[in-house]
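Same chain, two partners: subunit A is paired with subunit B first, then with subunit C.
Let's look at the complex of A and B:
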């Protein structure tokens, strides 16, 4: 909410630089590039969820809306024959329109009941994909969603190449994080946090709480719809299972482990936990057990999340200098 | 006519079982204001304790249910003291995260220890009776009566006993309750253990009716949360009514249309209930 200061600027710049150089550092290794792309999607998912959290609620329909964007883009490709460059925006618009339509009744519910109502929305979205077999392909999903080709007259970039797709994903994720950050540090963002702190008080200072909630939810879902479209064209295959409750829950876990007060929290949480998850991938059932242990340990031993680490380190040195 | 009766009887039977799982959850939520996402795992563990008791050691059924309830009571109390107590009074998201971690740990180790093969618990009673053309097995009658007995028993316990009064006082206002000399920490682990034990008993009942796998907890959690939210968090009557509504939808829509539609419809019903009554059917409105 305050103007960004120098250490934060350096940290964000360094992160972006590392992200830009990452494929070169790992020597264009296909698997590690894939991990990078997954990290990018998770960062976008967690960051947009954090935007809804700035209203004081957590939406379990988030993966569902990601699915709406993915399915819209895939169907635009299959039924209309338009490439991802159209599907991306059509997916985002469909997602935004649906989010606007649903949030009108959804935002009447509050606190814990909002979790459940949004969970119901997410499940119904997923079940609809599964039920209407002819249109959405049922549980089998949609196959053969081609990645796009960018034709720049003299060079052609085929995004079937992983490194190329990595930079595409990085571009959109950086834009997403930037948009969320800008909204959050603007006057509108302050209004969201006012609603977060005390809805009644916010209403009494002249804030139209309901309208701001609906707008914030719609923006966040539109952004996650874009991420969904990118996800569909990267995996080239989507099914209702890709967008179930677990995806929303893991986004929430990224948020909690990362920290809830700044946009750095979800970014840090998504990056670190996706890496932990990939490291544990080879260990079978132990993977879920270890992940659970990491989750519980980080909540109990590091309250406030990863974003408080710099402050903790600084506190250690300050304590020493005072003595 | 007999079809309708059959659907109604199955619906009530399912509803009572769902209600039993949900009442444990609503008790935990009402007293501690935490989201216990691993409630379904208690249900699963309860069923497996009974499985090992009857199928592996060959011991009788009913003592096994009691043993299972006691073991899960202890486990629930232990979890409350070690994991959930430090989170008391913090944002509800932290308890959600910790219990989500528990879900991963318990279902992961369950698959590792119990194996992923579907198992069955031998039923305590066999046979059945025809009522007006609808078949009702004695097993379902027993399960329904156990559910009713436990729900009435819990209601009486909360209304009549001193500990029950203390639990309700802590649910109402923990600080004022503490000022009256109630040990809130003790009440917390008792309520948590009791809620988990109810889930374990429901698991024993369900386990002999259906089959048991280590991953069955998740579905139970979903059902329990749907019911509790529909009925209103912290309300025992609400959990019973919500359970019956969900049981009816499951029974009627699954037989007449399909199982997928039953699930979609139940989520739509919950959504509509929450939109028109934002605190559930019987819940009080609190922040």
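Let's look at the complex of A and C:
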């Protein structure tokens, strides 16, 4: 274990501990538990978006793919009568297959063209949900998406219970963050960052750039598809509007405020901004304006995002110790 | 005569009305340094890019290790062992020197078995990378970001990357450019050792370096090879002198 590793591990451990104890800390308050669940979804959305960012692009289709997972799982329940335990994985597979198919042309585009193309993909996904009224329920969406029940012989856990759902969401978001973190610190992650910095140089070191882009995009979309399924069975209602461009844009804001170079960035950004958003909810009409002010202030006052805070603190201590 | 590692026949590249390379024939044999000289705009970089696969080729063929690579992409040619440096420095500035080389090492080894394990403690990656940094004399700069290295150090780093890729031929485009006399001397020594690892196709304007290193020299002018042969013959060649006087180099 290197010197840098230890504080990191302590920070992640502390975060997980707080997350595990959170429902007890808030005295099982239903509203605060709900906020916790929303935080989990937003962390998963931002972290998987960050995985795509490690290639050097931002996908505005990301919320759309979350929607694919959500709709797939909801339809598995309604048309096939299978619970979320099946819908979750089917949703992930549908999402992965679609992402693989779409990324073949999408990943041939670069920079601003990727940005526009992904935007179009996100919009087309949403419009399809709206257009095929009989199948997807049109703009009205799909209602009555039941949460699952876990039957463990002796005990039954009904995930209609909020606290139970919180822990389910926590489990999946932790797995998602862990997978993204591990990939990012592996050889594969090194390749992604090389592509991020310079595609041609990456190719000159023998890296098959296109293949890696396709795989990365597919993995990230598969993971967000799982998040989408969890979202659907929690809200019990989804509509095309739940997964529009705005949702992708908020995830992007989470990345910018949190920081773009480590997985801590999207996690910190999604947690803090979801809380800010809930605090501002009371202000009604002015919420969006306040949100904008918070965004601009954080970019101006904390360039590099929340992830730079540990480094800043360390720098202060080192300066003091040199005195 | 030893067999050719790299064989170029009838290579052409057209940019609109301009023939940047015009029916170029060239051979790079094992153990030799083959210098490619010529005035600015002669088509040297274009030729190097055609060989490495950055530029497509209009006609002609490129054979590498007995295999036609004309239709392969950049990455596939790199994996076969065509190692190159750019005219403009070609390392990832945000990566440390070590990480730049590690990227090349993993490209040789593949990711398959280690899709999920951390690179920071991966000795099978760090050790070979470190070895190659030692070979080019950059061991003490391993942790430095490439962006913070000097120009000469970055050129060495490029060579370490090519070594890590297990290059079967080096394509070096003006490695001496921008180096001071000392840097040029040090790099000249490094290149003369490197030739034992793999042959070098060397584009260079520094004539002292060219004639102290090269076994063979080809002179390119307006896309055409106007002379080619052993270094000392080319040095005496009258047409080459006129070409150079005309080119103003």
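Annotations
The working rule: the second predicted complex is superposed on the first by the 318 of 323 C-alpha atoms of A that agree within 3 Å, B and C clash if a C-alpha of one lies under 4 Å from a C-alpha of the other, contacts with A are read in each partner's own complex, and residues count from 1 in each chain.
One rule holds in what follows: contacts are C-beta pairs under 8 Å (C-beta built on N, C-alpha and C of every residue); 3 or more make two chains touch, one makes a residue touch a chain.
The structure presented is a predicted model; accordingly, all values stated were derived computationally and were not measured.
In the overlay built on the shared chain, the residue A:293 is in contact with subunit B alone; subunit C does not reach it. In the superposed pair of complexes, A:14 makes contact with neither subunit B nor subunit C. Once chain A of one complex is fitted onto chain A of the other, the partner contacts of A:315 are absent, as it touches neither subunit B nor subunit C. Applying the stated contact rule after C-alpha superposition, one finds that A:116 touches subunit B and leaves subunit C untouched. When the two complexes are overlaid on their common chain A, residue A:190 makes contact with subunit C while staying clear of subunit B.
Contacts of A:171 after superposition on the shared chain: neither subunit B nor subunit C is touched. More residues of subunit A are touched by B (comparison of subunit B with subunit C). When the two complexes are overlaid on their common chain A, residue A:80 makes contact with neither subunit B nor subunit C. Once chain A of one complex is fitted onto chain A of the other, the partner contacts of A:25 are absent, as it touches neither subunit B nor subunit C. By the touch rule above, subunit B contacts subunit A in their complex via residues 35, 83, 86-87, 90-94, 96-98, 100-105, 107-109, 111-112, 225-226, 229, 233, 260-261, 263-264, 267-268, 270-271, 274-275, 278-280, 287. For subunit A in complex with subunit B, the touching residues are 58, 105-106, 108-113, 115-117, 119-121, 123-124, 127-128, 130-131, 249, 252-253, 256-257, 260, 285-289, 291-296, 299-300, 303.
By the touch rule above, subunit A contacts subunit C in their complex via residues 2, 182-183, 185-191, 193-194, 197-198, 200-209.
Note for the complex: subunit C touches subunit A at residues 52, 54, 73-76, 78-79, 84, 90-95, 99, 102-104, 106-108, 111, 114-120, 122, 125, 161, 165.
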